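Chains: A, B, C, D and E, in written order; residue numbering restarts at 1 for each.
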């Protein structure tokens, strides 16, 4: 750690310092005393929940730091916890011959890049802008499983809604919708940040590496398009769910109506001839009961046929 | 195949290489060893599901390739499978005296252009920017049948919904809506790509060909306008469907109410005179049954007339 | 017709050629052999259903045409057929000393302009940019009756919906909404085209005529604002319609409930004392029937009063 | 009136001509013969229902007018008639030493400004750009009462909807929504016009007056923000209205169900023991009627308690 | 107070004047006679309910003031009153060696900054642009508790809606939605204002302080993103609420239908054998009552089983 100041003076070398959950003293030592970064970028780095952004710091008279890019990026965690994408903030200080990464939680993209660096020192490890690209590429790649999981979850929801919509499903749909919008809001500013790299805005990124950054930008663009597609799907699922649920009430009312209408002839006849008037000549006729039976059965069958014809059941 | 390097040195000639589902070795040989394309464009070419885009590659010191445009375009397949537009990715490498097309599935636009080239060598085949235009024109033309099919499907849906809305129709409408939005998202970035050609941004496309590219752009613009029109139609159909479905429940409730109200007088009289009180003077009167019949029939007809007047049936 | 080539050489004169539904040979002769227009603009002119647009063609080495503007504009037909605005495509070739108009159907704006030209040769007929303005002005003016008709139709719909909403009305509302959006999509690109004239972008339009073109643009702007207003009105009408329709079901259910609740006391008493238990002391009391009558009437009036108080009818 | 030409030649003086509903001859005389305005601006001035706009006219060779701004602004009338904001068109011709205002109806802002001019000749009356600012300020100020009235109307609606929603209220809400959108569409283009003044685009407005125009722009900006707020409120009120109305139907159905369920035990017992079978041993038992009474009352109380527990009433 | 004019002449010193609810005379004295601010900025400062904005005033010939920025910012109050965020307007006059703040109510951010100034004179108090930054930072920080409270309120609402939705909840949801939109409309123009600082547009803010202003801008950006997230949550909650409420009616109808259907067999049998025909052979059979009991019970159990199978309860 105390070698860093001397290493930095050697312009042939390139230094990558990864600070994973450092103590405040470590952070202060590296960021302030070794690299002399601008106090504002240090503050943004140390506090959590910063917006993804990129800022160019060029030294003014009296400043001890060499020009660098300060970059805040959000990595997305694969195993979503509590139905919300867990995002890890990752801070970059990218200079001409150094790269400082700072994160309070282990980020898989960083580990993967470190491995790649150790394995193939020739290709990547020579320049900080190359390593930074590999890091960004790995981090953006890690969005894929999160999107896949979301995709599967939505397909699941769609099947369940069509087959057997329950009350709990609405919560799930609304929850997924919120997640997708959250994801889009995560991707949005990062796309913005990377579009600045893709346009080759920064001199610290050498021109022949710009297409590589554009590639990362393209991936992010595609992810946000996919997220938009998920959003549309969920809107459709919600519409189907609400309609099925309203259709069910319609079916229940239909059943009630059918039962009421079909039993109506019987009820009319039954109630009417249950009256106790002394003079009800029909009651004493021999075949009047038979007639009542026939009449009742007949009109019941008639209403039955009527409903059948109108395809009520 | 081994003639290509020599053919390329002849600046008078123009070479079109079409790679249809090549083996990795073939692809590597052509793209890397013959044309020495930038590794990033080769990677974008070989992987699938890239976003439509156009990138200009100009050689820097040490690069072996001559300047070229790298273009990713999505062709749409006519016979839609599984209710989703099948899109085939088509990659272009467009240089001053060469055109390399790469696709993993047969694309009809490519076949059509090849035929046109063989037939009329004079007009098209002389320059890569002309062939590229013909290719793009053919591919964009292939969107037409897909749009036609969609248009007919929507007209069908509209008729069915108005005549006899069933539960399955909602799924179809939502599905079609998703398709249309998918189509718009396919067309969107391609329009973006072609607008750059139409503005004459690239020097590899000769100025007098720019109006031709603008024509392809116009066609895409119109397609996306039509897709927007389809979307509006489907929103209208959905609204009609949901309303018809809610109207049906309203009708069922109406029927229930009519039956209940119409039988109410009879039920009142019938139930009332079914009581077994010893002292019910009306029961023994001579004409009280007749009166009951008249009263019941009268009020039934009255409610009947009331509903008729309010146009309930 | 064979005079045209000679007429064109006279730079003092100005030639307006109106091709109304010409045969392919006529079109080819005029567009290709007399004026030598760019093949692409000829193609766009001859095919139908092109997007409104304006393109500037400046001759390059070897081109035989003099600089001209190619303009596609959609005229709207007054008597709308089948609930859809009929649009007629009108193509302009506007040069320094010629104006060629091409349309397959008679356009009233063209006829009107021709009449104006014949009547007042001094003011308009001298220059192609003046005639073109008059043409555009006449065509845009023809949107007014279409908008008026739409406006009246919407006012009609509003009245009908509030007074007596029927099932067919929903279709009409949705249909009108689609029409209005269609109209906006027609006006949109034309406004775009005319805004380029209004900004004085083209050198073929003399500076002192630009305010006149700006005037046409203003009219189109106002039309699209009015169309937006119609759209809002229709959204409001739809909301009222859907609410009235749902209110009706609510009223029906209310009626059902009122009838059921009001007859309940009678049904309870009637059914209860219709029982045939041997030991029902109440049945034999002298005034128990009277009591039953009073009780039933009393509670019926009570429920009646209750509904009256809660303003159910 | 005939002094105007001579007055205009005196460059020290400033002339404000207000044409309120002039005869065509008066208008022609002032606009054409005294000021020689561009015929297009005269036409826009005379016809009604022009869009708010500002146009700069600079004389070209042969034009007799001095440079001027032509401005169309809509004043809003306080006492809204027929639920629609009445707008009065006000046309300005603003030159270096003259201001011509033209309106067919009396506009209070003009009257107020005239009074201010007469009272304090020093401050305002000296320059046309100052008077124009005062005029615009007064006109924009007159939007305030209209907004206040709208605000009160919306607060009223909100109270009424929460307390006692009637069927007529929906019409009112939809009507108010349309009004607010209409108002926003009125304010929109005027804001656009004034933003051009606020940016100091016109040389006829002296630089030190630009902040004053920016002030008028700020007021318009705030008004359109408030209109947006009203729109959101009305959307919320509509949602509450629709929900209350659907809740009422729910309540009615609840009542129906409660009555039906509560009377069910009595109906079962009553109907069952009304049967006339010869062998119904229960009928002759001594305490069976008592049992029936107890059973019926018991289950009725049970259902009653059940509904109470589930908080149905 | 009378020292101010003399203090101002000392260019080494920096003067911060805080006017908290001054009398009109005080305000006039400081703003007009000491600093000679532009009358328009004084007016904007004194009136209430101005839009957040920043304006640069540079003295012209005859003006007595030195260049300054006029800034209107809205502070948000922590303890929201009446369900609406209370905003306090805070006006800044920021010059090279002075800062005048004007507010009619006590603003906590101002108090906090004053304390910071008194405590650490070295860091902040030296320059007006530093103090202004600290002020803005403190004010923007005060948005946090308001956002936290809103966040908790929304979480509360969500829980209540899922557990026990009452009628009052709809009002609360709609109210919260309005609040969130109000908050977004408050933040919006302030973000706009601060983005101009963050871009380093003003010369009065020294270049090395621009990143600090960018930091304040970032915070506002994040707040408006969070507000957007709250809005989405509330839309989801509303959807769940409306669905639960419609589901409840569905449940009620289900109960009604179940009761009706289950009692139907008993009603049929009971009503039918309550008829008084003389010749009803079934009535006199020995086991016919038993049969009736068995039949009724059987079909009742059957319907019961049917509903159980279809999971109606």
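For this structure, a couple of remarks:
Note that contacts are C-beta pairs under 8 Å (C-beta built on N, C-alpha and C of every residue); 3 or more make two chains touch, one makes a residue touch a chain.
Owing to the predicted nature of the structure, the values given are computational and were not obtained by experimental measurement.
At the interface between chain D and chain E, two copies of one sequence, fewer than half of the residue numbers in use are shared by both copies. Once the centre of each chain is set as its mean CA position, chain A and chain D turn out to be 39 Å apart. The distance from the centre of chain C to the centre of chain D, with each centre set as the mean of the Cα atoms, comes to 24 Å. Shared interface positions of chain B, i.e. residues touching 2 or more other chains, are given as 246, 249, 253, 256, 260, 267, 271, 274-276, 280. Begin at chain A, move on to chain E, and keep following the contacts round; the order you get is A, E, D, C, B. For chain C in complex with chain D, the touching residues are 162, 207-208, 211-212, 214-215, 218, 221-222, 225, 228-229, 232-233, 236, 239-240, 243-244, 246-247, 249-250, 253-254, 256-257, 260-261, 264, 267-268, 271-272, 274-280. Every residue of chain B that touches chain A in the complex is listed here, in rising order: 38, 40-41, 43-44, 49-51, 53, 55, 57, 60, 167, 170-171, 174-175, 177-178, 181-182, 185, 238, 242, 245-246, 248-249, 252-253, 255-256, 259-260, 263, 266-267, 269-271, 273-276, 280, 283-286, 288-289, 292.
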